[in-house]
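Two complexes, one shared chain (subunit A), two partners (subunit B, subunit C).
And then the complex of A and B:
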């Protein structure tokens, strides 16, 4: 009992990790966009669990808050309005099958190479990385990146509006 | 190790018991309070008859909650012809579970020292002390919003998977409304975080033990009265209740996103809604009403503005905090029900305009003013 409690964290990290992997695989295998979105949401939540167990609770909170609470909510919102009789739902593979497999092989190859030759960071950070450190690093060093991203996002929103307006005028 | 397990299992059992009790009790409060407000008698039919006698226990209609539960459990679980029955089955749980999880980070009491509380167990517990909170995480309030955002997906999934146009419209409304008000809610809380300088809910509660201007208790509602009002309005909208119940407006959409749900699956949506009332009450209490403490009270006892101090024994503090927290939550729940039975429903475009053109700018303004004041207070 005592041993189980002591190793509970490690056990749970493995459980969440495997669950995230399964969800990720499902995301690729499933065909209906809504099911794919659900698999992606599960993967994000399980990853959040892994982050939480590694001791960075606020990263876990951001993971769920931003990816599930914001990004995926909009995705689900859009998927909800798709036509369910779309042909692509019944097709197994897309035109980019060969390209995709090649990309996957290269990606896995790089991962294996990096894992075999690179230095391994220990899974459990010895220094406590709290919200305070995160906030000061974020606002002192990375504020420019963040602001640039927001400019990019505004540009994307304006572009989307322009596309909608344009298609309305033509239609 | 085992000691931690014992304490936290006790906390979790307590939290679930409290939430379930609130969920059941609030159905009764809603009926009875609305009856009082409208000068009716209200629910008084369900009874339990003592065996072998003709004595019927009515108890002000308290058994109506049990009758509801039994009815929902034994009804036919009718399934629509849906293209994704898995999503259909999982949707009520996606609505229900995050609401329960939010309570994990809410402190329902101060610091508890089991050895002082139960001297006979001092050998087992030693000098361990536990904050009365299931998980004290440094992310605190962020966790609340992270889980709060997940219920949106549940509502949209339910509407989409029902294969019904009313459900779909309800899901659309639920999605856009909840996204909008979630944002307002987050912005209103930011001002409070600026003042207390932390997102940790236990620290926020402790910070509210002092006094403000010498005589007011340093509660969030006195620091940020404006934010408190906005938070309450946004929270009610987030919970999709009248005057913001457009996603399930029965005169337009039958039952909105859960039209196609029956029996206990539909009950789960209702139950989640009632538990969320209690969660909103708990959050409001924690952020704006000093949490589990009475005015001028902290874990040590009372320290009145005049300078007089009234120390309390540990047992008295723990019991007072538990009771005071529940009483405050109940008060806020009752206030929400008061609003629900007082105001008429918005029109749908008004709901979104209200969020984006009225509440959102106000919340931003509140944040800017708070930031400037906080900066002036800290800079010499």
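And then the complex of A and C:
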């Protein structure tokens, strides 16, 4: 029973990973931005599932809370606000389509070749770290980064307001 | 292919898909979302390597990436709103006069 549960864990990681890849591929193909947003949200939720199965539950929770709950809701609002029917709806792809696909295929192909023929570091049994270890590392070693993050957020808010106000002055 | 290899491959593929979307799609909002997909791919590789080595540094970096993504969206959406207000279109070709 224990072995089955462990295998189920691994199997679910594979299933969620493949599902995230499928959702990412759908993002390229789908036409309407709202459909693309839904595909991105499902990819993020699947990745959250992968994080939860890997044992980093707090990152899974924040993935769903911050990415899906904040960033993507903001994006969905912007899509609803900007329902502009223009040429980008009928013609999805720019003139770089062939070039881009060739580049992506080469990129992935080179990396797969590296996987297949490179030297692997021997895969160790994964070591789990808990919220406590993360929190102490976060606030002891990386406190400066944490503080700089708040500066970045304030700068982003000021920048957003400055963009809007500057456009009012010029327009 | 063991689990770590699979996760790294998924992260690389997600990054490549996001990059492909930024290059080939013509809608501004879709391009922004594809950038988010690239960030997600990077996050997945960071989490899987952090989990493999048992260090918390990768998870800390993931949190910083969350913040950067939120800040990026907070600045990018007003810019897109202004661009659309000026030209009434989301198509990138319409803004080719912005170069330089």
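The rule is short, and it goes like this: the second predicted complex is superposed on the first by the 133 of 171 C-alpha atoms of A that agree within 3 Å, B and C clash if a C-alpha of one lies under 4 Å from a C-alpha of the other, contacts with A are read in each partner's own complex, and residues count from 1 in each chain.
What we mean here is this: a contact is a pair of C-beta atoms (placed from the backbone, for glycine too) under 8 Å apart; a residue touches a chain by one contact, two chains touch by 3 or more.
Since we're looking at a predicted model, the values are computed, not measured.
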Subunit C versus subunit B, contacts on subunit A by residue: C
Touched partner set for A:51, first subunit B, second subunit C, both or neither: second
Which superposed partner A:64 touches (first subunit B, second subunit C, both, neither): first
First, second, both or neither for A:73, with subunit B first and subunit C second: first
Touching partner for A:96 - first (subunit B), second (subunit C), both, neither: second
Partner chain(s) touched by A:38 [first = subunit B, second = subunit C, both, neither]: first
Touched partner set for A:5, first subunit B, second subunit C, both or neither: first
Contact residues of subunit A, present in both the subunit B and the subunit C interface: 58, 62, 70, 72, 74, 79, 81, 84
Residues of subunit A that touch subunit B when the two form their complex: 1-2, 5-6, 32, 34-35, 38, 41, 48, 52, 57-58, 60-62, 64-65, 68-70, 72-74, 76-77, 79-81, 84, 130-131
Of all residues in subunit A, those that touch subunit C in their complex: 10, 13-14, 17-18, 20-21, 24-25, 27-28, 33, 36-37, 40, 43-44, 47, 50-51, 54-56, 58-59, 62-63, 66-67, 70-72, 74-75, 78-79, 81-82, 84, 86-89, 91-94, 96-97, 99-101, 103-104, 107-108, 111-112, 115, 120, 123-124, 126-129, 133-134, 137-138, 141-142, 145, 149, 152-153, 155-157, 159-160, 163-164, 167, 171
Subunit A partner contacts - residues on subunit C that touch it in the complex: 2-10, 12-14, 16-21, 23-30, 32-34, 36-37, 40, 43-44, 47-48, 50-57, 59-60, 62-64, 66-75, 77-82, 84-86, 88-94
Residues of subunit B defined as touching subunit A within the complex: 1-2, 5, 83-84, 86-87, 90, 137-139, 142-143, 145-150, 152-153, 156-157, 159-161, 168, 171-172, 175-176, 179, 182, 199
